[in-house]
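Letters are used for the chains, namely A, B, C and D, taken in the order the chains are written, and counting of residues starts over at 1 for each.
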Amino acid sequence: MLNFNRVPGLVEVQDRHGETTLVVDAPRVVDSALHLRDELGFNFLSDLAATDYLGWGKAGVSGYIGTPAGRDLNEPSTQGYQRLPGAKPQRFSISYHLLALREGAPRVRLQVWVDDGQSVPSVVSVWPTADWFEREAWDLFGIAFDGHPNLSRILMDDDWEGHPLRKDYPIGGEPVRFSGDE
Amino acid sequence: MSPQPLDSLKGFAVTFRQLFKKPVTQQYPEYKRPVYPRFRGRHRLHVHENGLEKCVGCSLCAAACPADCIRVVAEENTPENRVSPGERYARIYEINMSRCIFCGYCELACPFDAITLGNEYEISEYSRDDLIYTKDMLLAEPMKKIPVADRELYDTPIPYYKEHS
Amino acid sequence: MALAPERPRIYEGTRIPSPTPTVLQVPADLKSSEDVLTVNFGPNHPSTHGVLRLVVDLHGEEVLGLAAVVGYLHTGFEKNMEQKSWWKAITYAPRIDYVSFQNNELVFVLAVEKMLGLEVPVRATWMRMLLAELNRIHSHLVWLGTAALELGAISMFWYCFRERDRILDLFELVAGFRMHTRYFQVGGLAEDVPPGFWDECAKFVELMPKAVDDYESLVDRSEIWLERTQGLGLLSADDAIALGQSGPVLRGSGVDWDLRRAQPYLAYDQVDFRVPVYQEGDVYARYRVRMEEMRESVKIVDQALRRMPGGPWIADDRKVVLPPREELHTSMESLIHHFKIVTEGFRVPEGEVYVAVESPRGELGCYAVSDGGPKPWRVKFRAPSFVALQATATAMSNALIADMIAIVGSLDTVMGEVDR
Amino acid sequence: MTEPWWISLIKAGVIVNLIMVAFAYTTWLERKLLARMQNRYGPNRAGPYGLLQPFADLIKLVRKESFFPVAAQHPLYIAAPIVSMFTALAAFAVIPFGAGWQIWHYHVNGEIANVSIALILIFALGSVGVYGAIIGGWASHSKYSLLGAMRTCAQLVSYEVSLALSVLGVVLMGQSLNLVDIVNKQGATIWFFIPQLAGLLVFVFAMIAETSRPPFDLPEADTELVAGYHTEYGGMRWGLFQTAEYVNMITLSGLAVTLFFGGWHGPYAPLGPIWFLLKVFAFVSVFIWIRASVPRLRYDQLMRFGWKVLLPVATINAVITALLVVWVS
């Protein structure tokens, strides 16, 4: 079993679904990353995923929690009260999924939490592959990465407004066409 | 691995050999390969043998559709106007085929086997409006131009493992 | 007729451009020179695998600067999947990478199952493995056909698509659809395998190795092919790992790493297969890896065919899995479950998981977050093509225009997956 | 043997039309043969066995909108395909396809013009033909076209040297630059491909490169440069370039047959032109077969191959032949 106690900036170690999550302090993420890479051998950054937790556990966002009056029959997926998911420390999480290319393929999730407007140090210097991943997180979530060599939009147009994967970004869309009667 | 001059010529033999083989291209509009029975093509609505529609307007297909391309408006059956054996029937049943992704979830969702995905795949049209299939079009007999491979062999009416394990 | 005996060996140290690892900069002394011609290869170009745009600075035929621009095929799959129930979102996953659709479906389904803690029947596991391997062959065939076409070997394309069609026929036979099958459902398979499948698949298993022989006769030892692929697009093992490369690109750089063996999922620990590894790190090595993987995949399919266990093909969990159709008219409870799963969707316990499988292109990961409700809170796919494209700048040193095509081709990117 | 000028004119008219038909059916043959080598049927909708396909293509191309880029240099842009087409057709004038006939009381030669320096004329026209591609590529004002034109320029010029040197052996053995004399000599002795095998190989390679056929189709390598020098051409202007390319292929095949395979000679002498045609089509088929079987070369490899392999081989072949010819006589 790997010992994560000496990871710099460690806030919490979680073990769920057989996966280890290391929550670290956002400003110290580069130190933690270096420690994980050099001391513990996590030389491979599989993925960098940002998540927006705006509205997490509040009614109407995921559309499954009922109104205080009970079930809302007009919304098919409402079921009365239900256990709320655990609160999240901040709005955005950034999960670095690390892998060590060695026997047993150990994986660990390095996670930092930030609020809207805060930035995270870039790990491009640790894993060059983070380049596009961080650009993607910036593009779709608006999380800025300090020290990134080229932080620009990657999937959306350069002049796009807003960050589409945020929960408060409207999905819009065209109404589906059906025949004219009614 | 250094190249061998003669090995460079092996490719010529491969291409030359094909000259004497029958081409694999299917001459499509004239020849239609039989589709397998599980093929998911154009939708069909079904009727019971007594002429009543199987669809009872429960909208489960519309709820199941990941592309939101089905619209069902249900209405009560009355003794004068009995369309389906249930309480209600689908007064409007429309599928916007230009949105449909042919996942077959409607077929899975329908508890009465009223909607199935048939074997027709020739559903191109010149206008988007023509791709909105109304209930009459879906109820109509399919053109039956496309043959289907042996259903006994390529589909499983009874779970296979019950016999073979 | 030895044209160029001097072939560069795999390099020492690192070649990753700094500070931006994904952009190859024109040398400063040539930057303002009039000799440098900036050309946009793509988004509309015969060999950009869809809509990849490469902004290339050329000095004659030589590639000096390069930046890959992506995003032309961004379709918002991840945002869309957040709006659908877990059950409906299964239909979205295969459409992300439309060449290795079955693997995408698999990784999403595995992620949901991991969160649910659902036990999948053995038969479904083996069948999933069989189809995932068929899909790997399919994907490599598409790659081989198009990559060879880009190098001018036009016949290869048709031969590859000839066999590819056989695979698609098999998918149609099993799942009813040639590409986006939605055959993998949470808990197992949508339907049982039809009896006719075994014979048809056995025929394919017999035919495929011979077809691979044919492909190899066409290009494998051909002088021109070797000249066009060897010593090009070099990526050392360290650079490949640092750039997050996976799959054939990583194995072509001499890293013996395959998730099917390192972290066995499905039934990969019970079948016998070899992981091809080549040390050269060039286009030819990647080509060789894929060719041998096709042969190995055929072996896995063969073993799966012979050893396919019987039994149910989907888990018997009424809260998650659609009840059997015959019960709908006899059991009220089943009907209620049916309605609930279809309309509302099943609930997935709160949590976050990251599941990775070895897709034909490398490590395909799915990061899923659930808030305990019927819809995903967040789904992210770790697309191997997206990562592979980041290596273009490193691999492109000392390349000509024609090499650029070969190198980008050898990374095997599918733009649908890159842009999601 | 001289003939009145009007006979030459009639012959020219007939031959140009015949070449155009031959070109049309070369495209048909190529598509059909390639298709069969790739497990396909090829054209089979227009007429029986797709035999009317070339005409369908022609009608399509002619009816297409005459479109050109705003930035193109118009006069040059329009002139380029015409130059290519003209030189390709003109080169066929000196290739003999028969022994000559006595019709009524006129003697009709087996070629349009019996020129004593026919071989040089063909190469000269070929050199002019390069301008079509270069001007076309430059005048299109497109980067792909420009790159394609640059490649054309380098490739065609370098391979012309090998092409000319490779036939030197034949010229020495035939002791003439006149193609009719060379063919007659072959009829009297042996076909030159046996003593001049090296020359033939160099000639074939150089010829593929000259006509920019795969695997030497770099000027228009579609997966690299979209379509090379004719990227910005469409409709019949593009058709002219394409025609020029195929006619060049037929011309050079005809030249190869004339120089190495005894021209019109065959088992039954009166069938001369038929033998010639069959040999040419056999040659063209080999081209198509090569196209189906090998990948494309890279630019620098092509250059290296031309200068470092073909040129020395052709030179040595010429020198050895010269020595042998001197020694025998």
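By definition in this document, a residue touches a chain if its C-beta (ideal position, glycine included) is under 8 Å from a C-beta of that chain, and two chains touch if they have at least 3 such contacts.
Please read all numbers here as calculations on a predicted model, not as lab measurements.
Engineer: With contacts defined as at the top, give the pair, B-D or B-C, that has more of them.
Structural biologist: Pair with the higher count of C-beta contacts: B-C.
Engineer: Which chain has its C-alpha centroid at the greatest distance from the C-alpha centroid of chain C?
Structural biologist: Looking at centroid distances, D is the chain farthest away.
Engineer: Determine the centre-to-centre distance between chain B and chain D, using the mean Cα coordinates as centres, and give it in whole Å.
Structural biologist: That pair's centroid distance is 53 Å.
Engineer: Return the distance between the CA-based centres of chain B and chain C, expressed in whole Å.
Structural biologist: That pair's centroid distance is 27 Å.
Engineer: Report the inter-chain centroid distance for chain A and chain C in whole angstrom, where each centroid is the mean of the CA atoms.
Structural biologist: 24
Engineer: On a C-alpha centroid basis, what's the spacing between chain A and chain D, in Å?
Structural biologist: That gives a centre separation of 63 Å.
Engineer: When you check chain D against every other chain, which residues touch at least two of them?
Structural biologist: 37-40, 292-294
Engineer: By the touch rule stated above, which residues of chain A touch at least two different other chains?
Structural biologist: Within chain A, the residues that touch at least two other chains are 76.
Engineer: Specify, in ascending order, the residues of chain C that touch 2 or more different other chains.
Structural biologist: Within chain C, residues 1, 155, 162, 218-219, 222, 224, 343 contact more than one other chain.
Engineer: Where do chains touch, given as pairs?
Structural biologist: A-B, A-C, B-C, B-D, C-D
Engineer: Quick one: in the complex, what on chain A touches chain B?
Structural biologist: So the residues of chain A touching chain B come out as 76, 176-179, 181-182.
Engineer: Chain B touches which residues of chain C in the complex?
Structural biologist: Answer in residue numbers: 1, 84, 88-89, 91-92, 95, 123, 155, 162, 165, 169, 172-177, 180, 182, 190-197, 214, 217-224, 226, 309-313, 322, 325, 328-329, 335, 338-339, 342-343.
Engineer: Where on chain C does chain D make contact in their complex?
Structural biologist: Those residues of chain C that touch chain D are 1, 3-4, 37, 39, 45-47, 58, 60-61, 148-155, 157-159, 162, 218-219, 222, 224-225, 227-228, 400-403, 405.
Engineer: Spell out the part of chain B that touches chain A in their complex, as residue ranges.
Structural biologist: 63, 68-69, 71, 73, 92, 94, 96, 98-99, 128-129, 132, 134
Engineer: Enumerate the contact residues on chain A facing chain C in the complex.
Structural biologist: Contacts found on chain A: 16-19, 21, 43-47, 49, 51-53, 56-57, 62-64, 76-77, 79, 82-83, 85-86, 95, 97, 99, 101, 103-105, 107, 109, 124, 127-129, 131-132, 136, 140, 149-150, 153-157, 164-165, 169, 171.
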